[in-house]
Structure formats: structure tokens, C-alpha cells
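In the two complexes that follow, chain A is the common piece, with chain B as its partner first and chain C second.
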Partner chain A sequence: MFSIRRHPVFFVVLFAPALLLVGGLMLFPIVNGIRLSFTNASPLRAETRFVGVENFIYLFEDPRFWEVLGNTVYICGLSTIFCTILGLVVALLLDSGIRFVGFFRAAVFQVWVVPWIVIAILWGWLFNDEWGIVNQFLRSTGIIEGQMAWMFEPKLAPWVVIFAYSWRAVPFVMVIALAALQGIPKEVNEAAEIDGAGYLNRLRHITLPLLQNILLVAALLEAVRFLQEVTIPLVLTQGGPIGATNVLSLFTYKAAFTEWDFGLASAAGTVWLLFVIVFAGVYNRFLLRKSA
Partner chain B sequence: MANVQTRNIKKKYGSVEVLHGIDLEIEDKEFVALVGPSGCGKSTLLRIIAGLEEHSGGDVLIGGETVSDLTPKDRDIAMVFQSYALYPHKNVYENLAFTLRMRNTPKGEIDTKVRAAAEALNLTDYLDRAPAQLSGGQRQRVAMGRALVRKPKVFLFDEPLSNLDAKLRVEMRTEIRRLHQDLNATSIYVTHDQVEAMTMADRIVVLHDGDIIQVGKPMELYDAPATTFVASFIGSPQMNLFEGNLDAAGGHFHVSTGSSIRLGKQYRSEASVTLGIRPDDLELDASDAADIQGKIRVVEHTGGETLVFVDTPFGPLCVRAPARSQARVGDITGVKIDRERLHMFDASGLRMSAGGA
Partner chain C sequence: MSVSAPILRRRANQAALYLSVCTLVLIMLIPIGWMLSTSFKPLRDVFQTPPQWIPDEITFKNYVAQFNEVLGTLMLNSMIVAVGAAVLATFVGAMTAYGISRFRFKGGALLMLFFMGSLAFPVPLLMISLYSLFVKLGLLNTYAALILGHTAVTIPVSIWLLKNFFDQLPREVEEAAYVDGASPLKVFLFVVLPMARPALAASAIFVFVVSWNELLFGLTFTSTTDMRPLPAGITLVFLQEFEGAWSEMMALAVMVSIPVLILFFFFQKTFLRGVTAGAVKG
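Let's look at the complex of A and B:
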């Protein structure tokens, strides 16, 4: 009846708002970002010049950038693994028939509404070397003497960030895993019980295989979220000490808004975009399909 | 030996008691059906025997030994669920093999047993399929195969045919019966369908509101229902039941409209009783010898027989007439009663015996 061939104008008018939104808010920034990465754009410069792949060459010749990539994989990767495992464990506990499930679920979910900036400040207090409660606890239990300089040790600081990331993401994984768990018919577990599978065997042969895909998707979403996250390293450690917590998102942020080098920041952003695309593609190809 | 006994089994959910002390003896190799309407506690009882549900009192014995403290896997039972409960991520072979794997059976033996079970259930061509790729009947057979691959002492069936269409249900009924004969294992079968219970079981246990109402062979229940509940539950179409009272001599049954029937038997005189007559024991009879007169309201031809619903002074009545009966709606007809097959129940619904004082 209303085919696009017979009423092209009508269709264009209907699609226009959606096209404008997607084009203006998503497509344009991406394309413009990629374009900027080939320029020396900066608000401090009067004229913007096309510089070819110079920004990329600069990035890849800078050992600092490789360090940043390493930090990103290390911090985001471990955070993703931890939050997925922890979220799953919490979901399993909540699904085990304990009382007040609604209360605990809501309580765990509280974490999800805490803004990142609050976590950054809280973590700063918790891990403060002089009066932080973590050191206080470790001292009082005799595990350490004196104080651990959490934020000033290149080996320790990434773990503070990883801990903050994981903690913040647990509720998301928990809610998704719990929903999936409750979607497994009770009879399937009962049949397995009668078939002779104890709790661990049921977990291994029934529950985890059935949750595999949904957990992998949750983990992917969390990984992408961690890759975007700037607040915690920026507020908590400013990327330090000695760049130990300088991740790609923070590096890009600083290049753009501290050094005002939009060209370089865009190049880092483009690398980042490619990284996410390749990562999600590989993930989709090798992890999700197999279990479908 | 794998007889199953329950001794005074009680089950409470909070303050609500749903099983009020169930005593049941199931012989070795017997096929027993637990029937009753929804919420009568039959599934709960089965799940207690399986060990999936904890009981609040009493004891469950399998093979003479108490299993109340054992987990389901140590009770040597198998269960077929209404929803089949297949493992969706495993193929048919893995579904069948799972219980053997969990019991550390050697690989070669697993393969032999799985293939034997698949052969017995016509599943050999489907061993590589995922449950989602199977039809309802095939899934049902996989669920059965998973139960019989291990040769357990006791089979438990929880409404296994309820999700199948009518034709398959009849087929699977025979199939289950045949498997039971081949395997010679004790079977307990929960169903709300009295036809399934009647056709399959050696003995039927009728449950109602958490109590056993009657236990007996199918025809015993049919011929001598212990209560009005059993009378109306067993048999299709259900038994005609009329409320009324007996005269002082106990030989006539009166209803409030004033009509009465000679019973041909003596009962003890009761003010308020229920008279039961099965549709099979009634006959349309145009002659003067008819016991009740009435007007035909509905005629249902089912092919092999005709069900005629007659409005009588006693109330509506269903008569099972031969196929191609000439009965027409609106006709006045007489109905003849087989007096040998009357059922009388007292005010509390319990069966009364004839000839008593």
C-alpha cells in the first residue's frame, strides 16, 4: 500500500527525525573523530592542518602508549573477570533459597546507583595510607605493620582500581545472572539431582552451561563499560603512580583536555574504537557462537 | 525387592497441612496410580517419595529400609516429569548418559546402555539431536529413556502424559505399560486423569484433600466406590448421584419432589442419603416396565455409543445407550435401572452396604 517507491517523500519525512538523531549524535562524532585523528587540531592552534598518519606514528612510537594499552588490558580484563565471577557467586547465593532474597537483591543493587565519582572518593578514603580503614584493618589483624602505600605503589594501585571497578559492576552481573538462574526450570535441576548429580556437578554440568551465554554477554557489556570509564583513575590516582593506572580512556581524556591536542586524542580514540570492534568481534565469533 | 511404604507421611507448608498422615504399601513390581483432583497432594506425596520434598512427619521406606534421610540420588529411583525436564544444552545421547556418568559408569558400558535404551524407545536416529529439535512425543520418550537407562528400583511418574496431545497420550499409555512389564520395576504414577489410572494401574490410590480415600484394583473402585467422591471421580461419564432419603423400611428411595424408586434391596434407614447409578447401568425403555420417566434434553453421539441426558423427577440423568440410538431431544422416555448395581451413600458420603440392619 504505502511502498517506499510510490511515496518516497512521505518515507523520507517519516525517517528524517530518526536519521538526524542517529546521524547527528552517533555517526557524525565517529566520522569527525576519525577525521580529526589525521589532523593537528587543537584549540591552541589558529589553523588546523592535515598531517596524515603522523598522530598514529607518534602514538605507536611512544613506549608510554604501549604501557597504557597494557594497563588497559590488565585492569579492564581482570575487573571483567572478577565482577563476572563475583556477580555469579552472589546470584547463586541469592538463588539458593535463602530468606529475604528481595532485601538482599535490593541491597546488592544499591551499589549500582552509586555514582562513579562517589566510589572514587570513597575508595580514596578507604585506601588512604595513613587513616584508611583498609590499612587500619590490616594493622589491627597483624597482617601488616606500619602502612601500605596503596596509591603510591605501581604494583598496588592497579588493584585498587580493579577492586573499585569489580565492586561497582557486581550488581549488574548479579541481576542478569539471577534472572537467568530463575529462568532455569526447577525440574531440570531436580532431574539432575535424581540422576545423581550433587551441587557441584549440577553447577558444572547444568547451571553453568545454561548460564554461559548470558554471562559472556554481561561480561562483554561490563568490559566495554570499563574501557569507557575515566572517573576512577582520574580522581583516585590521576593515572599514577608512574602511569601504573593510566588506561586508554584516561590517556585520551588527558590528551584532549589537559594537553589540548585534539588530533592526538582522536588518534587514541580511533585506536580504542578499533580495539573494541576487534575485541567484540572475536568474542562474538569464538565464545558466543560455540555455546549456542 | 523394592516395595515402597509410606508410614504416616505428613506434610505442612507453614501452618497448612496438605498431607494428613499417608499410609501406603506398594508391592514389589506393582504399578500403582495416585489419582485425585488438583491440589489433593498426590504430586507432593510422589516428590516426598523421590526425596525432592521434605516431609514434616512419618517415614518413607524403599525395599524395607527407611530412606527418609537419603538424598534423591541415593534412593535408587528414577522420575519422569510432566515438563520432561530434559537438559536443553545436551543432546539426546548426553541426556541419557548423564545419570550413568554421574555414577562413574565406565564409558563402554554407558554407550551400550544408552544405545539399548534408545533402541527400546525408537530414539536411535535422534541421538545427536538437541531436545529443542524433538517433537513432544520424542521428548517424552527421552525423559523415559533417562529414567530406564539406569534400571532403578522404583520408577516415579509425575503426570508424564499431560503435555501430549490426545492421540499420543493413548499411544504412550500402552508404551509405558509395556516398559513396565519389560523392566519389572515398581512404578508409582501420578495423574489427575482417571482414564489413565484405570487403564494402566494394577492398583489405584485415590487421594482427596491430603487423605487416602480408597485403595484398590481399578474395577474394585469402579464397582464399589467407597465414597461419593470416588464414585464421581472414577468413571466417565461420571456416575449419576441423587440426594434424597430412605423410607423407614430402607427399601425405597425418595426425593424431595415426592418421586420414589423401589431399590430391591434393604438398607438401614437413613434420613439423608445419596443414590448413585452409573450411566452404563441404565437403559432407555419405552415399555411400562420402566422405573423412571423423563424428557430427553441432550443426545451426544460419540460413535461407539450414545450418551442420552434425561430430565427426570429425580434430577438430570445420563444414560449410556448403544450406538445409533433413535433417542431424540424432546422425546418422553422411560429409563430402566439395573438394581444389582445401585450405589448407596450415607449423609457423610460413605458407602452403605445393602442387606444391613
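Let's look at the complex of A and C:
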């Protein structure tokens, strides 16, 4: 261990670039962004004026903003739940003593690097109402007749986004869960097996409790990432139909860079930031088990 | 027969296990498979019912059509920005991570908490101030704006990956170098960094993938096609002109995925180790 007193120059050299970068490109923008949320700032306006909480009042009196918040929680929440459960299931299957684990893991994990813009294009094709393979499959199994207008039905479009998010995130949860599973000493499960505990019992009383924290952390990371995600709603569904896939990230971006209303956009961004902080705090307090 | 019954049951269990694993993995890969399949079909075969996985006629025309100046420019832009961001974020990340790992000072843990927390900072909110900042600095429509932006949003993960690595690195080698009279900076550059190659690679790949993916900065901080990175360029150029030519779109999608898939296949182990080591420990 170094002490700062003995190596002050080295200390400064190591930290200066990151503090400059993070300070200038993260800390300043977030503080300044919160400040702007109390103004009517806009590149289209010559003078910026302090307007108090007007932007926030405007947002919360606008039923469309509530709809955006609802869409965001619906889409990001369900995606998080699905990808966590599916990722866990794949990891449990891969950890059950089968061979070629590395191969299967790589096959699934490659999904995690497929660019979002590619998913946006691809999903447009998979869920195409007339020729898409999803509708073809549903038709051939007799589940539906004719067409399911995935992109044009406000009830269906969020599911196109949810499928995309869940699919893309399964590999991440799988990799984390699998590494955690492989870290559980074999003896623990063997001892339980000798005592006559079946697979489901061991899963419920040994494996899942041991995985609980790491899964919850992975889920939180994914939820935060889904909140930031914007490519699919922006490119594929364009927030529609009738605003059904208009999520907070898209709303904030458009307010800022389509309508150039920096003040209102900053207010939406600030609401988003507060939501994440409160959510993470509650999550941390009530769900995560503190390690000794 | 009573002897072989458990063996039989075990065999059946095994078979069921492999079957479910294969099924799940295949379902996960359907989208990619369908993208590949469509990209090799002539347009008229794209609209077959029932859909055909193996094309009747395999054509490379859809790919040949992608070799145009616009896509070439977008690819080059994305490559420059992604490599630039990967180098910058990884190098600066390594310095910071080493500092947090090796210096005894109050606030190291707090600094890590801030870095990790900053991942949740709403990107559009950051962009509002970044936009004004880049206007002032004259960086709009330059690679520098994109490299800086991508570095800022990825450096927390880079620091986190590398700090985990440095924490686990045995100190003996460094200490031996100090005994020989080397300065801390020299030890860091010529002893520690070379040992950290796997972690540096993991960080660089992560940053590259994120940068290759990033849409909003590309849409906002560039204004001409010759500066746009891939996602923004595709949204603004290709999708605007797109008229149901799905086989060509799929070929485009495949080509956009290829660089990151190549990276992934070559460095898969390194990358996995980087991601899981920290996550499981923390």
C-alpha cells in the first residue's frame, strides 16, 4: 500500500485524468442538468430564466408523462423479471453436470454482443405482420388466424420491446449465475443429497438462497441498463403506436433534442434520476441480504 | 431388471437434460439464425410460406450490395470512435483502478460507489450539458466528441473490472521491482500493466462493444454523414431509404454485427473471466 504523503505526485498522476474526464463529462453535466430543470433553458431562447418547479408541475399535470412512466415501469420491469428467470434457468441447466458447457455458454453469450441497432432491424423482420416468422409460426400452430399487428396494436407493441430486451439480457444473467453456481462447493450439495434431499429441495433450500444476492444485483444492473436503453423504441417502434412504447429515455431525449426544451427535458431526467436513487435505496434496504 | 432401473432412469434424465438445454439454446439462437438465413436469399424467396430455413437458392448479392461508400464511411467512423474510446477508457481506467487499489486513503470506497452509481445517471440528461459543452469547445461533429462521450459512460465499468484484477494481483513482483529502485510510475507502466493484459483486454472489449452500439451521442453530436457512427447512420440513411428489401437489410445487420462477433469469439474467455470475477466476488 502506498501512502499519499510519500507519493503525492504519483497519486495525482494516477487520479487526475479520470477526475478530469468524469468530473467534466459526468459530474458537471448531472449537477448542471439538475440546475437546468428549474429553468426554461433552450438553445432556441436567447435568455434563460429561473422558473422554479414549473417544469415538474407541467410534467406531472400532463397525462402523457404518466403514461410514459407507466410504459417505462411495465417494459423495463417485465424485461428484468423475464431475463433474470430465463438466465437462471439456462444457468441451472448448464450447471447440471452436462458436457460441452463452454460451447453452450458461448452460443448463448454471443447474443449479448449483438448490436441494438441490429436487433431493431431484425425485430422489425421477425415481427412483421404479414411475413414475419413469429406470425407464421403462430399461424401454423393455429394460435392465431390471419395477422397479429405487433407494431400497430398498443397492447402488442410493448411486448415486441420486452422480447427484445429480455432476449438480449438473458446471456448476462446466465453468465453471472453460472459463475456463481460453479463457485458453490460440491460438498454442500452432495451432503444434502446423502441426507435424501431431492433436486427441487436442494434448489429451494441451498442453491437459490446462495444465489439470491448475486441474482438480485444482476437484475438491478439490468433494470438500470433497460432504463437507459433507447434504440428499439426510437428506431423500431418510434414510441408508438399511440405512445405505447414511449419510455422515459425516449421522452427525455426527444424533449431535449427534437423539441429543444432543455428545461423540461432536464426535469424529466431529474425525475428519472430520483426514481433510480429511491428505487435502488429501497431495493438495497429490503431485498439484498447483507453479507456478514 | 430391478438393478438396471435406476441406471435407466438416470439415462432418461440425462437425455431429457440435453434435450432441454439444446432446445433452449436453439430458441435463443432463432433470431440470429433467421437473420443469416434471410440474408442469403434472393428477395423473391424471402416471402415464402411456410418459411424456409435453408434457402433454395443461396445468393451473396445482398452482401455485395452493402459494399458502398456510405456503409464503408459509417464502419470506419465507428471503428475509429470505438477504438479511441476503448484505448482512452481502458488506460485512464487502469490508472484510476490502480490508484484505488494501491493507495491507502479515505474515500477510495466512496469513489468506487460514485463511479458505479454514475452508471445510472440518465444519459439524455447528461447529453444536455455535454451538448452545450461540446458547442463551446468546438467539438460538435468531431470524433473527439463521440470518443469523450463514450469514454465517460464506460469508464466506471472499466475501473471496476481493473480494480478487481489489481486487488487480486500478488504484490511480490511489484515489491521486487521497488527493491531494485524503480519509481512507482515505472513499476506501474512496465511491470503492472503488462501483467494486467487480460483485464485490460476485457475492459477494452467492453468499451468497444458499448461504443459500437451507442445511438444517441451519434445522432446528436454529429451532423454530417461522413462523421456519423453506424447506429446513427443506419437510422438516418439506410432506414429512411428502406423499402421492404428485407434480405438486404438482414445482410446489412449481419455485417454490422461481424466486428463485435469476431472480437467476442477471439476473446470470449478473457472477457468472461473479467465480467464474472468481479461480479461473483462483489
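Here are a few things to note about the model shown:
Criterion: the second predicted complex is superposed on the first by the 269 of 292 C-alpha atoms of A that agree within 3 Å, B and C clash if a C-alpha of one lies under 4 Å from a C-alpha of the other, contacts with A are read in each partner's own complex, and residues count from 1 in each chain.
To be clear about the criterion, a residue touches a chain if its C-beta (ideal position, glycine included) is under 8 Å from a C-beta of that chain, and two chains touch if they have at least 3 such contacts.
Model, not experiment: these values are computed from the prediction.
One of chain B and chain C touches more residues of chain A, and that partner is C. Using the contact criterion defined above for the overlaid structures, shared-chain residue A:C83 touches neither chain B nor chain C, since it reaches no partner.
Touch criterion met: A:S249 reaches chain C, while chain B stays clear of it. Of the two partner chains, neither chain B nor chain C is touched by A:V68.
Once the two complexes are laid over each other on the shared chain, residue contacts for A:W116 go to chain C alone; chain B is not touched.
Of the two partner chains, chain C is the only one that A:F262 touches; chain B does not reach it.
Residue contacts after overlaying the shared chain place A:V161 against neither chain B nor chain C. Taken together, the two structures place no residue of chain A in contact with chain B in one case and with chain C in the other. Listing the residues of chain A that touch chain B in their complex gives 185, 187-188, 190-198, 201, 205-206, 209-210, 291. Residue ranges of chain B in contact with chain A, taken from their complex: 50, 52, 71-73, 77-79, 81-89, 98-99, 102-103, 146. Interface residues of chain A, counted against chain C in their complex, comprise 1-4, 7, 10-11, 13-15, 17-18, 21-22, 24-30, 32-33, 36, 43, 89-90, 93-94, 96, 98, 104-111, 113-119, 121-123, 125-126, 128, 131, 133, 136, 140, 167, 170-171, 175-176, 178-180, 183, 214, 217-218, 221, 224, 227-228, 230-231, 234-235, 248-249, 252-253, 256-257, 262, 265-266, 269-270, 272-273, 276-277, 280. Within the complex, the chain C residues that touch chain A are 14, 17-18, 20-21, 24-25, 28-32, 34-35, 38, 46-47, 49-51, 92-93, 95-96, 98-99, 102-105, 115, 118-133, 148-149, 151-152, 155-156, 159, 183-185, 188, 209, 212-213, 215-216, 219-220, 230-231, 234-235, 239, 246, 249-250, 252-253, 256-257, 260-261, 263-265, 268, 272, 275-276, 279-280, 282.
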